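Multiple structures follow.
Next come two complexes, and both contain chain A; in the first it sits with chain B, in the second with chain C.
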Partner chain A sequence: MNGLKNPRILGTLAVLLVVALTPIAFGDEAYIMRVITVGLCSTIAVYGMNIILGFTGQLSLAQGGFFGIGAYAVGLLTTDFDWSFWQAFLVGVVGTSAIGYLSGLIALRTKDEYFAIFTMAIGFIIYLTISRWEAVTHAHSGVNNVKFPAAGDLVDFSNPTAMFYLVFAILLICVYITYAIRRSSVGRTLLTIRTSEDLADAIGVNVGLSKQLAFAASAFFGGIGGGLYASVVGFIGPDAATVDKTFEFLMFILVGGMGTVAGPLVGTMIVTFLFEFFQDFQAYRFIVLGPIIIALVIFAPRGIVGYLGGFVDKRARQRRIGSVGANASSRPHDSTGPEASARTGTSADNVTTTEEKN
Partner chain B sequence: MTLFTQQLFNGVALGGVYCLAAIGLTLVFGVLRIPNLAHGALYMLGAYVTYFFLTTVGVPYVAAIGIAALILFVLGVLLERLVFHPLRNAPHTHHMIAAIGAMFFFQSVAQAIWGADFRRMETPISGSLHILDAEISAQRIVIIVTAVVVLALLTWFIKRSIHGQTIEAIEQDRTGAALVGINPAMVSMLTVGLSALLVTIAAGLVAPINLLSPTMGDSLNLKVFAIIILGGLGSLPGAIVGSFALAIAETMTATYISSAVGEAVAFVVLVAVLAIRPTGLFAKAVQR
Partner chain C sequence: MLLEIRGLGKRFGGLDAVKNIDLDVQAGQVTAVIGPNGAGKSTLFNLIHGFYRPTAGSVAFNGRDITQSSPHNSVNGGIARTFQTTHLFDDSTLLENVLAGRIVRSKSTVFDAIFHTPRHRRESALNHDKALEALEFCGVAEFRHDLASNVPQEVQKRTAVAMALATEPELMLLDEPAGGIPEEETTDFGNLIRSLPSRGVSVLLVEHKMSMIMGLADTILVLDHGQKLAIGSPAEIQSNPDVIRAYLGTTKDEEN
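Right, the complex of A and B next:
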């Protein structure tokens, strides 16, 4: 109940509600529904990036590759091997996580810039494998007629709205996992690593293992997003695994706000709509969007949700100072509940601000 | 054997191109501590600007490369001033993201001006030489010779000239260099400008062999990063050795195994080396 008073949780729920209601507005327009559903698939992959980049502070550029592995696992298993979607999806997600974990074993031996470029190389190797291994992946002809999920006679997932709600339900789980991580000691461990790896090590955090798990988790989300994407679109080509895909994800998370619970969703939805808006200019859209990315990093590195969060904290702090002054004489015990939550909010914010100043 | 000699020369020529691109990148890393992900886009712009002066304006080949190199130098300085300088105190992820934004911007601009189609730059230097039975095109000889000359000049510039020495000073200790009166902001601009100039020479040299397209820098970008990571970020000898080693490995595997393996070999080598030495082959002591 206390959670409902927290503006961050309220805001996240409001955004989710808006997204959940989009089929009411656009339910008849299959194209728009598909764009939104594809956006939700990317969102799931961006949540993976949020864990490794937003929480742990490691720039992983392999996310597009993991997305591609998930997509191709579902695509190839449901067509060439005639598995059902669910079997293929399960194998795809487990497989992507395993590949993520294994590549993390080597990748995480490197740090900072080395890690970023190393993961970019991993992403590129995945892309090369997909685009050149013709015998298995059909290279540039791609995979056609990827199966929709089957649910007996209950739901027909070839209906765009049904597919939307399936992806949305899985996204909800991902948002909840992110929220749970952020609140738990795991999340605080990751934030400590982001603030200072040496500090985390000194206070007894198992830095290696934590980063390893965060990296595997990012691959896990990437695999889920990719697997759903293959089924939503029905056709996949090597485009699904390019390094550009990773850069797209990076822009989504940057606009939304790194290390926040609602950021990836907000960022992905906004930028997806911008992309659609600039659809006619396709190739030229980055003449506008490129400088926007640079300006965002320079002037607004915390993203939309990050700023809203900062604003909320500032108000909470002002209110607390005000209420402490007013209640000092009359009712000192009344305001412990909200005050305690405001205090934890402030400490979380302090972690963010120290990181920004590094 | 003939094929082998031929491919060896091709590999060395490719190595020269990689080397010119990699040295600039590693210098930028040494001074600014930024992996400039827009480097491949600068290479692409360098090729297009050379193409523009050669074909549209009609100046001689060498002059076209020279003018393009100067224009790109200015562009590099602007990139540092407008993008990297404001981010000098930001967490390291932010530069990389900004560089990615710059990269997309450059690609879109090139596509808006010159279109997405492949373009061919006519070879102004024709003919070929016979060395040990192998036929080597004159363009590749020019690439090798130019790369060696430019590398020699660059080494002289960094080791002997006062402006070059400031680059090395900042690389070694930014605060210390500032204390003895070197302006880090100026050196940063000089370095990014210089890296753009070097990569333009590489692009102008290789453009007649390859086709031009707005995304031509992408694969070079990844390979050059593999090279400098392999050699150790910020290390000049590492960049030179890495360039030639990877280029020869690439041409050889492409000839004797398959072109796909040739494309991937740089990254496979990178993964193998980093698995054993996470800071690259020639890494300097870690500065913090």
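Right, the complex of A and C next:
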């Protein structure tokens, strides 16, 4: 496996391993396990934000709303309608993606800051619907006794550790999907849109359709995160869908690093723990967290993972320059076009590199 | 005929940026559009490629009407373009830039990427090879791991051509490809453009450097104030009195 030599992949795997082992340290403490598991649910939603914001460069502020739709779909269907968790979860995720796709049809007619405001309005509409439509959503009394997933006699998901591993397994799939997208031409498509929509269009990218699908994908992850959250917590109220939730997600991804594979996980876990740590201060915790975030945006605008990634790139480049001459003769000069011979001998010719086939 | 432009026009408000242009681009040729600043050269390109919608006339590519098609459809159909001010993805390496040009020829979806299907693997390898080949053809393969913002202007220009090549076009629209390149390197760059038809890529270009155009183009269209002033071979254009008056301006002093 060539991938194991890649520090980025190694780093991501290390972070996942640390998270996977947390039940060994905190397995007996149900409260901490729940905090971590809720954090993982948020992480999944943040992975959705990573696709639309990190990869595609569109600041969507509807993610909290999508999270809420996923949560309420599972909450209401498993209680008022007595569906099983899995049925409700499936319908919730598909429904959230569909709502995401449809709202994207209108939202993506706007650009940049207008898109941000428009999606924030979508988030508000979802929140208001949930908090006011008493007949269906029970408004502020919320939904109680959301079902745990059932797995026959195999696993008892009311056990916090079992629930943790279920959420963790789904998170792993989300991380892998992000990784697969990042490396494929699909990811390249989204990244070209982030850099320049005009240039993307000029090289044949269907910008409108790609943005549309990215937005639906972000809703898809939001729905998964929300659906799992409802089951983990057992009780949900309208605050599962607030715009505050969106900004929480935004903070997670800013801290972790937009457009990276490990960023959402790292950011969410770190900020969640800071939140817990300063919990006694309630609203005042932002007095401490605010400056930390400002410092981060100033000194590491690409987030923690982006910052570390910068080191990796730098080292890789230095190593490449270090290997000058060793294989300079291996490159065939004759096949490089009619004018290449005129260009040999320029200084840049020394930066011949080893081939990176993957 | 590869590209047929008939009566093409674009009005901005009360101004005719381009008016009543007819142009045929032959397969296997280099066709050039010249004219003073503001003559409507870039507008003409934007009309062909679909960035602007024409207000009159039609464009046909390989006999198919593409007057109303959007840029990404044009690229898909086989027309690539480069921009006057070099447009690259600055934070990416040259190889990644050229790989972006492969997107339009990639058929694998998210699901192929997730399940790592044979199609995805085959396509990734093919894209990598084609991108590398395009970089080599343009003579900038040795810079492939450098960030686009870190290489000299000339390398950027060549990379822009490589990126356009990676989309496997039949026709390439080059908007001032040699702009910003030092005079002594334009010959090399001209050779690159001249070698494109041998790859089956016909060229339509806008250029200011007359010396370069005269040695490069098979056919030249001269625009002035958005309208056709003359069309013909380099020799014909050089001896055309209208062109000399309007563009080369050598008789201007005498007239005054």
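Throughout what follows, the second predicted complex is superposed on the first by the 324 of 358 C-alpha atoms of A that agree within 3 Å, B and C clash if a C-alpha of one lies under 4 Å from a C-alpha of the other, contacts with A are read in each partner's own complex, and residues count from 1 in each chain.
Just so we're on the same page, a contact is a pair of C-beta atoms (placed from the backbone, for glycine too) under 8 Å apart; a residue touches a chain by one contact, two chains touch by 3 or more.
Bear in mind that the values here come from a model prediction, so they are computed numbers and not experimental data.
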Which of chain B and chain C A:Leu21 touches, first, second, both or neither: neither
First, second, both or neither for A:Ile203, with chain B first and chain C second: second
Touching partner for A:Leu154 - first (chain B), second (chain C), both, neither: neither
Partner chain(s) touched by A:Arg109 [first = chain B, second = chain C, both, neither]: first
Touching partner for A:Arg317 - first (chain B), second (chain C), both, neither: second
Touched partner set for A:Ala135, first chain B, second chain C, both or neither: neither
Chain B and chain C footprints on chain A, overlapping residues: 357-358
Chain A contact footprint on chain C (complex, rising order): 49, 51, 70-72, 75-76, 80-81, 83, 87-92, 96, 99-104, 106, 108-110, 112-114, 116, 120, 123-124, 127-128, 136-139, 141-146, 151, 155, 163-164, 167, 188-189, 191-192, 195
Footprint of chain C on chain A - complex, ascending: 176-177, 180-181, 183-189, 191-192, 195-196, 198-207, 217, 317, 320, 331, 335-340, 342-343, 348-349, 351-353, 357-358
Contact footprint of chain B on chain A as seen in their complex: 53, 57, 59, 106, 109-114, 116-118, 120-122, 124-125, 128-129, 132-133, 243, 247, 250-251, 254, 283-287, 289-294, 297-298, 301, 355-358
Interfacial residue positions of chain B with respect to chain A in the complex: 29, 33, 35, 82-83, 86-87, 89-94, 96-98, 100-109, 111-112, 116, 218, 222, 225-226, 229, 233, 260, 263-264, 267-268, 270-271, 274-275, 278-280
